[in-house]
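Look at the two complexes coming up: subunit A is in both, with subunit B in one and subunit C in the other.
Showing the complex of A and B:
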């Protein structure tokens, strides 16, 4: 390479670096006004990251933005669970071809409902001059308002123009103002700016990358409410208030006091408890004739009501969820638990739920013995201590039980069996675990699962299996117990239980699995959770006010940009 | 107003539709016939496109009880495949093929089936490469309303069709929902005497275009991994637009097309009767969808990762495979065998549905190729040697059939690779590490 050419290369490189630094400063400058944000404007913003809306978020947003009269008549493309949470998997989820067709069908249906004669006057705040032509003032006003809530920011000029144009085109072609509004709304509902949560970084005061104000508002809102920000939160983000400590505290406290916190709390526990599997739950109708779709609905609702009452209404210790005897029942569940409850007829179908407290000596305390857990983690035709033990460790203690081994020799098993039926699950499992490769994991799962054997696969209470008294004794991490109540007490007192919740709540909010790099921050949060009496609301507040919660983890490119931004500041 | 497609330009035609003018297109009757040999449409002389079905079931068969005892021409199946006897001359059976793990762990119930579908032994936490059906649909599915159809007879959304990067094409679990998708209000009968495009579809398509126009700007905002996901989103959006475009065009007449009856609602659950019924209904809908040109690719799961039960029995299929000892008097697990017979019966149901629709001198099955596979070669031990695999149907004369081919431990990928070669995909090699192959099974290529 000649000297001149080398010089030219250096000059070009310096120029590129200069442009890159300038661009970085421009792109990552704190964005408090709409025009600075690349998503809605024309400026480029590097390395935004995406999280696809989950099914529950989609439904909650439609409810919050368009009201309770709009039904979501379909299922959003299912997400993938990672690190115990679908919310973590949302960072990998995209939209498949059939998922897109489903989103499109939902968007059309929702738009049709929203603009129907029944709903239009309550959902659309203005009245067009005429219904058979496009009224730009009214149509654009509605689409701008609803677009801001759906996109979680104001629409940019180009976005607005495109949406308004398709709405006008549709209204003109069909000679129907509301058809036009519907087409515009449908476009908003299928847009990637709605279906994905865009998390945009900016340089924080200390030079690290953090979410910009609107992304911060969005993270906060989905974390606490499982929905997009409301107008007050959007305004706090746009005014810059959310970037101040007092402004953030004001919003967090307001949100924690909002009734919408219940929806957020429910969504978190639906995800953590893996209640999405209720969609697939079936039981053998001949073996469990009492089990029905109503039992499934009520079982999920029972646990969620127990959680909300315990953690939000009474603001009690999270650990006591595992030993509490206070719950809610319906007549259908009463039949499963074999406890007396008023009939549907006497209390009315619309008020089926009653509060109920199990006796102090009842061996079924806490949420682990509720129908939701024991039915979800059983086989269709029988209970399963292995599935229950595995689920308990993975869901509530954040432990990973290894997958079953492959190429196991079953010779010993095959030789040891005879035609005599092994009458209890405990005996069958003991026989099955004769293969040494299997025994290791079964030791982790079966002893705790066997304590729950008094709950059959459909949740019904029993004391015998095939005429043999059920043996519920066992040992959990060195604590010996005699029944499910003893197991519940041992779980409740295990220090891993609350730290697992901290792990899951944090991962749920950030959409990232907790890693070893987070160990110190997690320990601090766990300590604080303990000091505050293991109260959920205090944990949510602590996380929501923590700068780390909004930090953008460094990547190769963002590291470079941070260094460049710091260099420019100096 | 009546107008033939020759008299109205596409632009004029669509403008007319959008302005509310009913544009009706008559159908030339002669288009409705097959040629004298019954192998091509009389109007164009073109042979209809082949169709591809991926039919995956769980837990395999009892070793030694499925493959024919002799190589070459099949004269008799093993006892667990007796239900397939009516299709003996249309089936190729492959035995002795295995999933090769190299140094990877055996991810039970996953390693076998994903190796044969993706060409790569899976690893925990690593996204699978695209499955074979998505490679096939990129050739066969570009001019159909649906690029592919996914169903799960277990009633779940679980699917084995993936595009790579973690993008899964979720399955329909309810036949009624599939009927609505394929033959609901948006279905256009290719043999209808008149064709009137729906003006609303024109507007829907315009609305999608508005979103699609954002592609470049939005793609430039995100990092590499998210760009792939966004790219998937826009690819899906484009496919949706293409589907709408196809609905705006007068479809080519397909003489064997008829709209099936709407299926009845099926009870929830996965007992053997419910699953057989669900599979039968799905199969019939897919056969009609092929005949009506709605799609050329289908992914069917029978009982993969499904608790298939017998009413009143506490154990399900999967539990039996691990808990039932081998009966030394007969040499296999008898309860497991009963479930295996169900799987073979369900496959026969699918073949019957495809074979029941006549097309000229053949049937829909004759112009299809059905790739059948499973997760294990020996379920009790999660073994992945000698995984049962079949290719069924000649794909419109592209494959020889009725043969039993055995390999001494070759990778299962050779079967999938052969299917792709036969269907005319330009694939020089397929798979990774020890599963990589460039050797089709030439004995079955016509």
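Showing the complex of A and C:
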């Protein structure tokens, strides 16, 4: 790259960052609605924490607010996974210069789509008096309505004034009403009030710190719907109803019955199952000719459909997800599983997915043997019992398997790939695990991972490796099993499995890792989960109605803006 | 609400229920199904098979044809110079219009091959050809089968084409034009084969069923059909054919003549039409059965494969369009026209390679399926 070009790139980057910072400072002017949020002395010392929107949340909000005709043509800057969840890492996620540029580009593109001739009449509810001039009544009405949904609260006077001014200036300069609306919308979409979820504390009736009503609505909405609050929820927050038990119950029950719960459930499991790694999944096409981008898409969707069907539609026991034989397949997945999948597309109807139930004696029950899990936790050219065992413990049992030591030697393992004696992965791993430094962790991962060896790296079923029958026997915490079905049963019956889900769901909602201070509350939730037959919906309800869920733990000063600082500005 | 659809359960149950059903033969204990992954003329390049030499390559053929059309050497050279697109276009027209009507006016040699004299292309005169003794007469055909040693092998199509450069090859080489078309054509209807028998891993009688799929298939990065995908069978009985054969020592043979008609793609072959068919498949590896299928096929249909893309065929594949027409007509060895006596069909053998697949039948929205029960 030439020096001049480099300079230009730097200038553009700085300019974009500058715009972002300017926007941030500009919009930081306190909104009157926020002024109404009472801040006691103790509240002033607490952090108002920010959580950056994740990619799925960004998309979901655009879908919910602007409708299905708007496409998000890009990807939001990836988040950081903490305590097993990107949602927890979202508290630490910032926006880099390039990330801001990406948000900026997305905002421009979305605004252009929304105000295009094709979409404007369905998205903008009013019609301007003239299209070649700014119509304050119509423009401000639209921007206020959309702004309320994007900011998850009503825009304050200063915010409104700033947005309206941008829109009017653009419309006047371009002599195009819709151009002005687009500029206003674009400004809303790059505002920190939209890109970050603001969680503002207030003093609760019992004197502890709790989220204020609007923050509570937002937490609830992202928890259950992976999106911002709808108008009913905002109204409940603004009216104070959400701060009452009955008001909260009414909203929670409404939200749990809404079809939008599916989007929320999908988002949670995408995060928990670490499906973001599908973006970087590759397989060697020479070794696995069936594997393709279509398989990747369908593998993720298969598991999500299985989860939604099992937990939401049929409202079954979470633990049975690990042993269920019922799933959904497409033609490319059928080829991987070697089961018949004649989709309706084959006969000219627009349906690719079919439901499918594996035979009772099929050794591939449950979501652990689905293509998503076994392909994500394998190498590009071979399966990996170690990666699978590690992932199983970390994702589903909330256990931490230590990383391999820096000086680990794979010589033994790699050199034995072509060995006539060590023809199976089991044999090679046994040889590798003879090193004391390796043995400790491999004891945790390999016995369970080896049971899944009948699924190759691309998910296809096999009974032999290099001509030798695959030995799938093992032992999981005292339970002896002979195959993957036995392992699935052992995992299903392990008491840590449901308590890990409770942990993850709670962390997902609060955006913070469960600590020892939460032990008692977690135990109560776990007991309740068990009493309710391990039904997801009951767990979500229990958490959503729990005061603890909205509690703000006292924190030390951080790099986030404190309530005190905010109060000072006011 | 959500992604549930109760009708899917019905489909799933139906599929599961009929997994145990055989296909093609109710009595059969086992059925293994496949998609035809590769199909092309069986060629067997051998030393001395073209004693008169090969037919000219495309550059020389174009020179010859343009000279016949009256072009000067200078103009021909100019047309064959890179970048002379205009001249190249003119040369195509000249090549096409090199024929003459009875009244002497120019005629398209590609559309009326008899408008030029028979150029007498060079043909195979070697001893070997892949194929079958289709007429049961060892004194006809004249080839010896290189794999089986059978004599009286009838493969006149190969005799006609085997001295063109693109066909002068043998496995693992494949005839260039047919295979590249097969690889490129995404509109090619899918051909399906099912093999049924009591125990396909042992010697015994089998039933071989040919069908057409209702839809195209997914291919992988190498262009092969993805193994184990499901195809819905066409309900058109015209494309459903059954043959009786036998497996012995890992080789499936069908000697009892069968008929076969499968719709194809114009760029490859308008249709595969065989009578007095025979089949030989190596089934030692059930994941990749491969072999040859033979029979008498309408030579004019085969010629249309070249004719419908004549410009490229002559200029790039060096196949003389009128030359193949005359040769096919002369070499045709079956089904004489009752009026003219001209044989309508020509003996042929084709390479066929199979990939495991699952088949499902569709009738009014309900499914049944035949699972390939594969050992590995």
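By definition in this document, the second predicted complex is superposed on the first by the 489 of 570 C-alpha atoms of A that agree within 3 Å, B and C clash if a C-alpha of one lies under 4 Å from a C-alpha of the other, contacts with A are read in each partner's own complex, and residues count from 1 in each chain.
The rule is simple: a residue touches a chain if its C-beta (ideal position, glycine included) is under 8 Å from a C-beta of that chain, and two chains touch if they have at least 3 such contacts.
Computed from a predicted structure; not experimentally measured.
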Examine A:382 and indicate which partner it touches, taking first as subunit B and second as subunit C; both and neither are also allowed.
-> first
Just subunit B (first), just subunit C (second), both, or neither: which does A:331 touch?
-> second
Figure out whether A:93 sits in contact with subunit B (first) or subunit C (second), or with both, or with neither.
-> first
Mind working out whether A:341 is in touch with subunit B, subunit C, both or neither, as first, second, both or neither?
-> second
In this superposed model, does subunit C or subunit B come into contact with more residues of subunit A?
-> B
First (subunit B), second (subunit C), both or neither: which does A:77 touch?
-> first
Touched partner set for A:285, first subunit B, second subunit C, both or neither = both
Pick one for A:165: touches subunit B only (first), subunit C only (second), both, or neither.
-> first
Check whether A:190 is in contact with subunit B, with subunit C, with both or with neither, and answer first, second, both or neither.
-> first
Scan A:309 for contacts with subunit B and subunit C and give back first, second, both or neither.
-> second
Check subunit A for residues that touch subunit B in one structure and subunit C in the other, and list them.
-> 285
Subunit A contacts subunit C in the complex at 259, 262, 285, 289-290, 292, 294, 305, 308-309, 312-314, 328, 331-332, 334-336, 338-342, 345-347, 353-357, 359, 462-464
The residues of subunit B that touch subunit A in their complex are 18-20, 105-108, 111, 127, 146-148, 150, 155-157, 163, 165-170, 181, 199, 203-204, 206-208, 210-211, 213-214, 217-218, 220-223, 226, 228-230, 232-237, 239-240, 243, 268-271, 307, 309, 311-316, 319, 322-323, 325-326, 328, 380-384
Subunit A contacts subunit B in the complex at 38-39, 42, 44-50, 52, 75, 77-78, 80, 92-101, 104, 108, 159, 162-163, 165-166, 169-170, 173-175, 183-184, 186-187, 190-193, 195-196, 198, 200, 279-280, 282, 284-287, 293, 379-382, 403-410, 413-417, 428, 432, 555, 557
Could you pull out which subunit C residues touch subunit A in their complex?
-> 1-5, 8-9, 11-13, 15-16, 19, 214-215, 218, 220-222, 224, 226-232, 358-360, 362, 365, 367, 369, 371-372, 374, 376
